[in-house]
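Contents: one structure, followed by commentary.
Labels run A, B, C and D following the written order; every chain starts at residue 1.
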């Protein structure tokens, strides 16, 4: 008896993380003879995602994996699946607590911790450079309104004053997960601030965009820290331009979600919060990690 | 007194013909490609289709009126988000704390009023400045979105009220609440456009604005009313949808304007105004939803879905053109 | 003596670069048909638009009866009982005849519903009076231009009008429809309505009007009693000189056949049409509206694919796929609908005139603007086009001057075969005779000319031969010696020669 | 005489309304932050506007010809991804013409649909927006595309190089704007574009091949998009699949701000350039003032409407629309 597993992703195609996730998920499902998967994409639209959950219920799948477009808005839809007796697994970014009763498990990274770790990376570097009492940082966030963007920003902004109380965040603007947009934002920052010591970007795409702007303007000595280590970020680290990031693999993310679903269907006990580890990666320790495939 | 039913029927016929094609295609393809045992044309699934068509569909009815009137509204997605935010946020306001579940109708009215006002604001700007509606609403698409963020920051606004969810998830005679709203709105707008003086004047203005002005129709206020109606409907769509989902991201409703316009144009409404029907629009809305649903049913991946949806839109236009060619005698202009 | 219904006093109106009205004063009595005459661009339509509330005058006063009024908009003018039948059709094509006639004042029922039954009744009553062949439900876009004009006219009968303005209502009407219109005007007159009637057709003016006011270059020239004057005197007042109406450039030798059409058919539009046009010849096409003349012209211009038959140019069979093809082979067409087909209203006069030649008027890689201006100036002088400058947008010209731009556009192509479809619609007497003279001259220079016209005097005046059409077929071809008004009318009514009497 | 001068002033306003609006914004921003008009900042704004600007040049032709093009953003992503990919596989010399050829094919396809088949341009280009995005994802497999050897390629010259002290993207933008400005204003093709957009039927009756003209507008537009894609790819030597996403609305806003009517038949390249610069400087100016991004949204709204309003108010000589 094969397991029919449906997944509705947040917004495939918006960045290579999600696309790689989709590909990895399809590959993992194909590799397992007992699994048949239907892979849907909500295109960032919560209404479409709810409709997809309804469709999956209607199609009678055995389990539903959801990467929520909005951690609260999907709760009633998830409840419907729950009431229809279909186990729901949340992936990548969690749904709100009010919905915990209706889901079996969450599997994914902890974005708040990621933001906090980025703050630590940056603080450690400033301390090593001896500028921890005067450094000025600009912050480029992900697309406004996205859970991942909000959580990472929160983690960073809460943690930084704890570890480096004298470092100031002088400006924050969104870069929309977009390298080009981030480059433009950074160009304006560079004009506006004569002294910038660090840049924190919500992911490496944006981080590299900011780096490009700084290079073009001939501004040196800025510490760039990102999150979700992309191949570009890894290369920039190898070149010595980019200081650090958070190592997070969409392949791990996808495989963990599928495995959780299979375990749930197989009747195994799974922990409710299934965070997979997302370690710090910097120029110092990058040798321990392979270059990301995306 | 509606004119020449047959030619209009043929024009909107393309979309219904296309819906039939979609149904046949997905039913057959589903047999081979779907992992589901259930047929695509399962009654449940078709009822679900109607429900899922509601968010875009309700707005599309207003867009039909506005486009027939010779205008366009690109700001509906942002209005949708604002109304949702007002709806969910107002239920938590301390002023309403004593109301209990009576806060629900209050929140509804508040959200609808805000939507109507924003729509009227667009209309007023179009009227008074004489700037084209496309430009005015392209601007307010940005501006209204800015207001959403300004009021509530980047975070989602959430207020899950289970009474409201139960109401939204309720079914009456097999139709979900959202479906009833969609049908009611369709009926009302159909009535306005086909039966009332206001509706017929909308056609006249869209057809030949100068003639309407010369005939003494007060074109400005007329347009303001239509913009207010579409603002109201964008808010209504939000109210219906977010009553169920209970949380709105500040980004929600993005690109809705494009999908709404697509549905309306697929339904046979002339982009330059003066011609179009609500029934055709309903067809356009269903055709798009069916396409999404069908592609999901047969398990197409994201890049295929994008590719196919795009090409299909074009295919419908080609079909439409084929159905409407008048023969070789036609003037070749 | 009774008071006038309407009185204009010293109206002045300027547009950027033009003083369109420069002190216009006249009055209209109840039950009077008052003609307004003047050359193209004299300011007739503009003064009526001021009356109708569409333009605000810079200075001057309007009185209705004793009272001084201001017309802030069309709605206001309408509420005071002024009905305006526009020179340019002002209709919503997608709507029905009834909705157009009652545009802005559809009868209502509860809930703001349209009272369709009452609307149909009222409309049909009016349509019956107008003796037209279509009914209240017909879509206006499906009507011919002439019938659309009748819909416009029907608006005059919907309200209790104090004054009705007709701005060139007959420009696209046939004789039969004109008779109906004149009956309508007679009825209105009997009811004591004051009527302002604008037309360039002298015979109409002298037939139905009581007094004539004349404008020249926006200035009021005076008012005369129709019965006390004559065409020459009025023309003199309009253009400041007498008019030479003789047909010059008369007989010359005909050359070879330039254009021959053999057994041409196009679906239901026309069938089995054969004729030829020689160099040096003007062939007139006369028939009722819907006879298929325009469609033949469009086929010859590459705009329609014939279903069978041949077109020969200089004896060679040609296939014309597009106007570009036709133009390349030396065919020109002055189309029937100047606003829709003839002009790009937002473009300058010059650019409109030289549009078909942009590919050939070259200065290096660019369009030769100097040469364009020269062409424009040449035809401006020749056709007496009144415009402040070549830069003026075509849409800001008076109706007649717009038509002249279209004619100039195709004359400047120096075509082998020139087809003109209703070329003098809305053109003043002076320019009209100028255009007729020009057509004759062109023929004399060896051009082959086809003229389609619904005005019998025009066809009779300029043609060497006349092709009479009825319902898509050629009934008979007359030489200028054979033709009389009677046998022409018989031919276009579908009566074969010999059958009559 | 007094009325004459008043009219002349009105005439100047009418022609230069958008320029005046532009000047007002620039002065206001400079007061708010003196760095705004620094050479560095101006160059940086113009350089980052150049990509959108080049696309807007092409869309100007499409819009004047009476159509819309919503597919330019998605098409630009396609060009960028393709040229980056080919750079490493067949080398920049071949990659650039190959990418242009592929992008022009897309433009030709749209031109065929809108020009020859006479399909509605809004829906066709909306469909192509989605379809080309799908195509790009299929092509790249959804991955970011990056050039392996970022230091060693001359390919970076289009986005990062400078000549005569001015960034190459700016020079390309200026050169292309000048060239297309002349094409539109002075050549037969330009005249035909205005004619077809002003009144397609009358243009046909004047012997203009309407379908071909529309087709060429889209071809030209896709050529501009390919150029923009080249500049983009060269600027960052790597790209996401979504790099051009959403640019179509910015492009359209710029073209409209420049006074092109969506009904077709009017607009100029010069005004489009002004429109592009207004948008670029607004965004930059507000960033420099440290305003939140959402304040930028609201301000952009107000400015778009004010600028267009000022422009048409000057043209009609009245502030408020006379519409009843």
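Here, a contact is a pair of C-beta atoms (placed from the backbone, for glycine too) under 8 Å apart; a residue touches a chain by one contact, two chains touch by 3 or more.
Heads up on the chains, UniProt names are B = Autoinducer 2 import system permease protein LsrD; C = Monosaccharide ABC transporter ATP-binding protein, CUT2 family; D = Monosaccharide ABC transporter membrane protein, CUT2 family.
Computed from a predicted model, the values in this text were never measured in an experiment.
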- [ ] Tell me, please, which chain's centre (mean of its C-alpha atoms) is farthest from the centre of chain C?
- [x] A
Task: Between A-B and A-D, the pair with more C-beta contacts - done: A-B
Task: Rounded Å distance, chain A centre to chain C centre (Cα mean) - done: 71
- [ ] Averaging only over C-alpha atoms, locate the centres of chain A and chain B and give their separation in whole Å.
- [x] 33
Open item on the list: Centroid from C-alpha atoms only, then distance chain B to chain D, rounded to Å. What do you get?
Closed with: 29
TODO: Any chance you could list the residues of chain C touching two or more other chains?
DONE: 73-75, 303, 322
TODO: Pull out every residue in chain A that's touching 2 or more other chains.
DONE: 12-13, 19, 22, 144
Task: Per-residue multi-chain contacts in chain D, two or more chains - done: 133, 137, 142, 201, 204-205, 293-294, 324
TODO: Work through the pairs of chains, note which ones touch, and then classify the graph as line, ring, star, complete or other.
DONE: other
Open item on the list: Once the touch criterion is applied, which pairs of chains come out as touching?
Closed with: A-B, A-D, B-C, B-D, C-D
Task: chain C-touching residues of chain B, taken from the complex the two chains share - done: 1-4, 7, 195-198, 200-201, 203-204, 207-208, 210-218, 274-275, 327-333
TODO: Spell out the residues on chain C that touch chain D in their complex, using ranges where they run on.
DONE: 14, 16, 73-75, 301, 303, 322-324, 326-327, 333, 335, 340-347, 351, 355-356, 358-359, 362, 365-367, 409
Open item on the list: With touch defined as at the start, can you tell me which chain C residues reach chain B in the complex?
Closed with: 52, 54, 73-75, 78-79, 84, 86, 90-96, 98-100, 103-106, 108, 111-114, 116, 119-120, 136-139, 142, 266-269, 298, 302-305, 307, 322
Task: Contacting residues of chain B [partner chain D, same complex] - done: 125, 127-132, 134-136, 138-150, 213, 218-220, 258, 261-262, 265-266, 271, 302-314, 317-318, 321, 332-333
- [ ] Over in the complex, which chain D residues touch chain A? Could you list them?
- [x] 33, 35, 38, 40-41, 44, 48, 133, 137, 141-144, 146, 150, 160, 232, 235-236, 238-243, 245, 283-284, 287-288, 290, 293-294
